[in-house]
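What follows is a pair of complexes built around chain A, which joins chain B in one and chain C in the other.
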Partner chain A sequence: MTGTLHAAGTLARRNVLLLANPRFLSVVFVVPLVFFVGFAAVLHKLLNPLVDFAMFFPPAIVVQVAMDSAITTAFFLAGDRRDGIVARLRSMPISSLAFPLARLGVDASRFAVSATVVVCAGLVVGFRFEGGVLRTLGFAAIAVWFTLALSALTSAIGLRSDDPETVSSNLYLPYLPLLTLSTAFVPISAFPRAVEPVVRNSPVSAVVQALRGFSAGDITGVTLGRAVGWLALLSVVGGVAVVRAFRRAP
Partner chain B sequence: MITAEGLTKRYGPHAALDGVSFQAGTGTIMALLGPNGAGKTTTVRCLATLERPDAGRIVVAGCDVLADPAGVRARISLTGQFTALDPVLTGRQNLVMFGELLGLRRRQARARTEEMLAQLDLVDAADRAVKGYSGGMRRRLDLGVCFLVERPVLFLDEPTVGLDPRGRRQIWQRIAGLREQGTTIVLTTQHLEEADILADDIFVIDGGRVIAHGTPAELKRRVAELVCSVRIDDAGVRARAAAELAWAPHVTQADGGVRLHLDDMAGLQRTLAVLARLGITADEIEVRRPSLDEVFLDLTDRGARMPA
Partner chain C sequence: MTAVRETWILARRTVLRFGRSPELVVSSVAFPLLLLVIQLVVFRHLVEEFAGGNYLDRLTPAVMLATAIFSLPVNAVGFFSDLHDGILSRFRSMSISRGAFLAGRVLGDTARIAATAGCVLAVAVPLGFSFTTSLPSVLGFAGVFLSGALMFSWLAVFAGALSSSIEAVHSTFGPLVLLAYFWSSGFIPVAAFPGILQPVVRANPVSAVQSAMTALSQGGGLMRPVTYAVCSTAGLSLVFALLARHIFDRRGRAETP
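Entry: the complex of A and B
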């Protein structure tokens, strides 16, 4: 166990060093703000008659940034495979968990910074945590868990490729329908009846509704249960997939 | 120290390894020699736990590769055919990171890193990102990772590809030095001089099978004890000489000369006598041991025979 943590710590330090360049600093700080401002400009007027925009909108961007972050995870891992680093690590006496742990840990922290940027932007337009400290922590926990579970899944995909650009562009294919066919940007009432069941049962909807519940302070057991159920499922599938993919990566 | 029996590995219908067996004794250098696509890299990947063979058994330093891969990983060091470094980190950062992952404490890793940088002539480049390194520098750094900790077994898959002659010699010295300390080394190479200089034992593989095995000297002797090349510029004289020397195990007439494989010194004396008797003034005579190149071509039967 100490061996796993020591190796994961070493790899995590390296992952942090990789972030320290202008390109990734802009991914962490600037891109979330661009999303926020861009979507707010387009959606503000449309959404305002339907929902309280300031409370409704920021969780959507948090979810979007979480999904984006998971794609970046796959990008990094495919790059490591291309560079031969995965094969070298696999021939070393380190636990199969250390490498994925280091990647997921650093990427979750990176997401936490971006999400904080988004929440701060939200505070400017009137977003508030109205449920006290515990519910605020609940918001943070669900958001981070979501990106961790997704990143585990995308890691497994990234480790099967040695072409970072292809992997990230492929992952944007499921990303778009998952995001648009959810209650992230549009309330359920605005969807056509035909797609409503899809939207209602989407994992992205489950997570974004839980985030809204925690920030508004009116989270219900059902809303939380749906989110936790989805996240538990994604975590198990993603966790198994990522360790297997690391062990088998050519 | 290393035993492989009946290794088989298929990729779809293609058998990359088709029943490969070999051994390497403790403190020896075993070379896997073969052309591109012979199965050298697949073999090393199986030895290093990166690939599971479909059939066969491998024991490395007392650990079965399939039953105890973790045990194997703790006893080996590997440098692959392609360098495996973080291109964004500096040379120094790469060495420290891999040193720690290999189980060194941070301070030890730093100390070993400085030693390696000095030994591999990389001190000046130590703080530059590896993506700016030349091929030779990357190769040296990659080998440096492999040399950071001493393991009983070292796998080197074409370790000197991309190095200039000086760099190659440095690495050869180092590899030979590790053998002196008792490290068992498996080396794959297409570079025959490399196998000749370093290897105690050579397994020649082609098409996923072992086609020959022996010390460099034994393998050369399989072709001939001596190779004698005689330069004769006149084509008529050359043909007569070739006819008179037809008793030799192998005679070829090539541009400007005759080349013979001879079994012993008596054969050489006989050759010289024939040349004298025919009144042939040989413009130039060269006598030498066969090269591994000749062995290689003879065994793998690829390409035309070398001209004299």
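Entry: the complex of A and C
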């Protein structure tokens, strides 16, 4: 186990060093703000009659950034496979967990920075954590768990490809309906009746509603249960998929 | 004459190369179709509640143009690869005109965008979009669209020539095209944007093209929207073309011993 962690630490250091350039700053700090400002401008007047916009909106961007981050994970892993890094590591006596762990750890940390930027932007326009320290931590835990579980799943997809551009552009196809056919950007009342069941039962809705519950301080057991259920399921599927993909990747 | 032939051959090359990547074909057709359906589902109620009218009248032209907007990074990366993978050096040794190299890329990309936008229109019609105007207006609809698509194709060539790496194309132009689409009247009416942003949304060429296309398909005053759309897209095409040409020539001089 210590061997795994040591190897994961070394690989994580490599992943961080690869990110240390000006473009990284743009992806981590600027892109989340572009999303925040871009969507807020479009949605603010349309949603104001329906919801308290300042409380409703920031969790949506947190969820979106988490999903973007998971796609980036697949992009990096496909690149590592293309460049022969995966083949090289598999020929070395290190645990098959170390490599995905290093990737997930670094990407989750990167997400945490971006999500903090988004929350700070939210605080400027009136977003507040109204439930005390414990619920604020709950907000953070759900957000990070979401990106970790999703990244595990996309890692498995990334490891099966050696074309980073194609894998990320293909992942945007499920990304778009998953994100938009949820209560992330628009409350359930604004959807046509026919798609309401889809929206109500979406995993993204479950996560974003839990984030809203934690920030508003009125989270219920049902809301939390839905989110935790989805996240547990996603984690198991993603975890199994990523380890298998790493063992198989040529 | 030869320049025209060279341009034609290179345009064909651009289209054929794209056609040989099935994954790229699928994602570049599926993405705008998904965008059309999803925006209709998510925003129709909100926008029609806010402004009345049929949301598809504004959305259909916008998503047609979105095929050009969101293919910009792909096209820019394609041109970037042409510049750096050695094919350009090969063409240089064959005395092909430089203009043909740029124009061939732009025409090929525009043709492909037009085909994808045709698919969008073919799906929008059964969803409830229709032309209520005469044939000349419908032709004008196509013409304004092509002018907008040409502008984004020239911008892609400029982006590919300007950038120092594929990642730089994505990180610089990715957010830019996203905002060009979001902050346009194709997404929601200008009045639904915050007051401070409304001048930006009005000036956005994407809004101009969408307003002109909506007017040309649904009727209404044509003079102002069509003039502004044609002038702004043609003007920007010229600017991007000259800039791309400038960078391209400078690069050529630097490489020639």
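The rule is simple: the second predicted complex is superposed on the first by the 250 of 250 C-alpha atoms of A that agree within 3 Å, B and C clash if a C-alpha of one lies under 4 Å from a C-alpha of the other, contacts with A are read in each partner's own complex, and residues count from 1 in each chain.
Methods note: a residue touches a chain if its C-beta (ideal position, glycine included) is under 8 Å from a C-beta of that chain, and two chains touch if they have at least 3 such contacts.
Source: prediction; values computed, not measured.
If you put the two complexes together on chain A, you find that chain B and chain C both fit without a clash.
Which of chain B and chain C touches more residues of chain A: that partner is C.
Once the two complexes are overlaid on the shared chain, A:I94 sits against chain B while remaining clear of chain C. Within the superposed three-chain model, A:H6 lies in touch with chain B and out of touch with chain C [touch as defined at top].
Once chain A of one complex is fitted onto chain A of the other, the partner contacts of A:T180 are limited to chain C, with no touch recorded for chain B.
In the superposed model, A:L134 lies in contact with neither chain B nor chain C. Once chain A of one complex is fitted onto chain A of the other, the partner contacts of A:L17 are limited to chain B, with no touch recorded for chain C.
When the shared chain is aligned, chain C comes close enough to touch A:L46, but chain B does not.
Working from the superposition on chain A, the chain A vertex angle toward chain B and chain C, CA centres, sits at 80° in steps of 10.
Of all C-alpha pairs linking chain B and chain C after the chain A fit, the shortest spans 12 Å. Common to the chain B and chain C contact sets on chain A is no residue at all. On the chain A side of its complex with chain C, the touching residues are 23, 26-27, 30-31, 34-35, 38-39, 41-42, 44-47, 165-166, 169-170, 172-173, 176-177, 180-181, 185-186, 190-192, 195.
The residues of chain B lying in touch with chain A in their complex are 48-51, 70, 73-74, 76, 78, 80, 82-89, 93, 97-98, 100-103, 145. Every residue of chain C that touches chain A in the complex is listed here, in rising order: 21, 23-24, 27, 30-31, 34-35, 38-39, 41-47, 50, 74, 77, 166-168, 171-172, 174-175, 178-179, 182-183, 187-188, 192-194, 197. In the complex of the two chains, the chain A residues touching chain B come out as 3, 6-7, 10-11, 13-14, 17-18, 21, 83-85, 87-94, 250.
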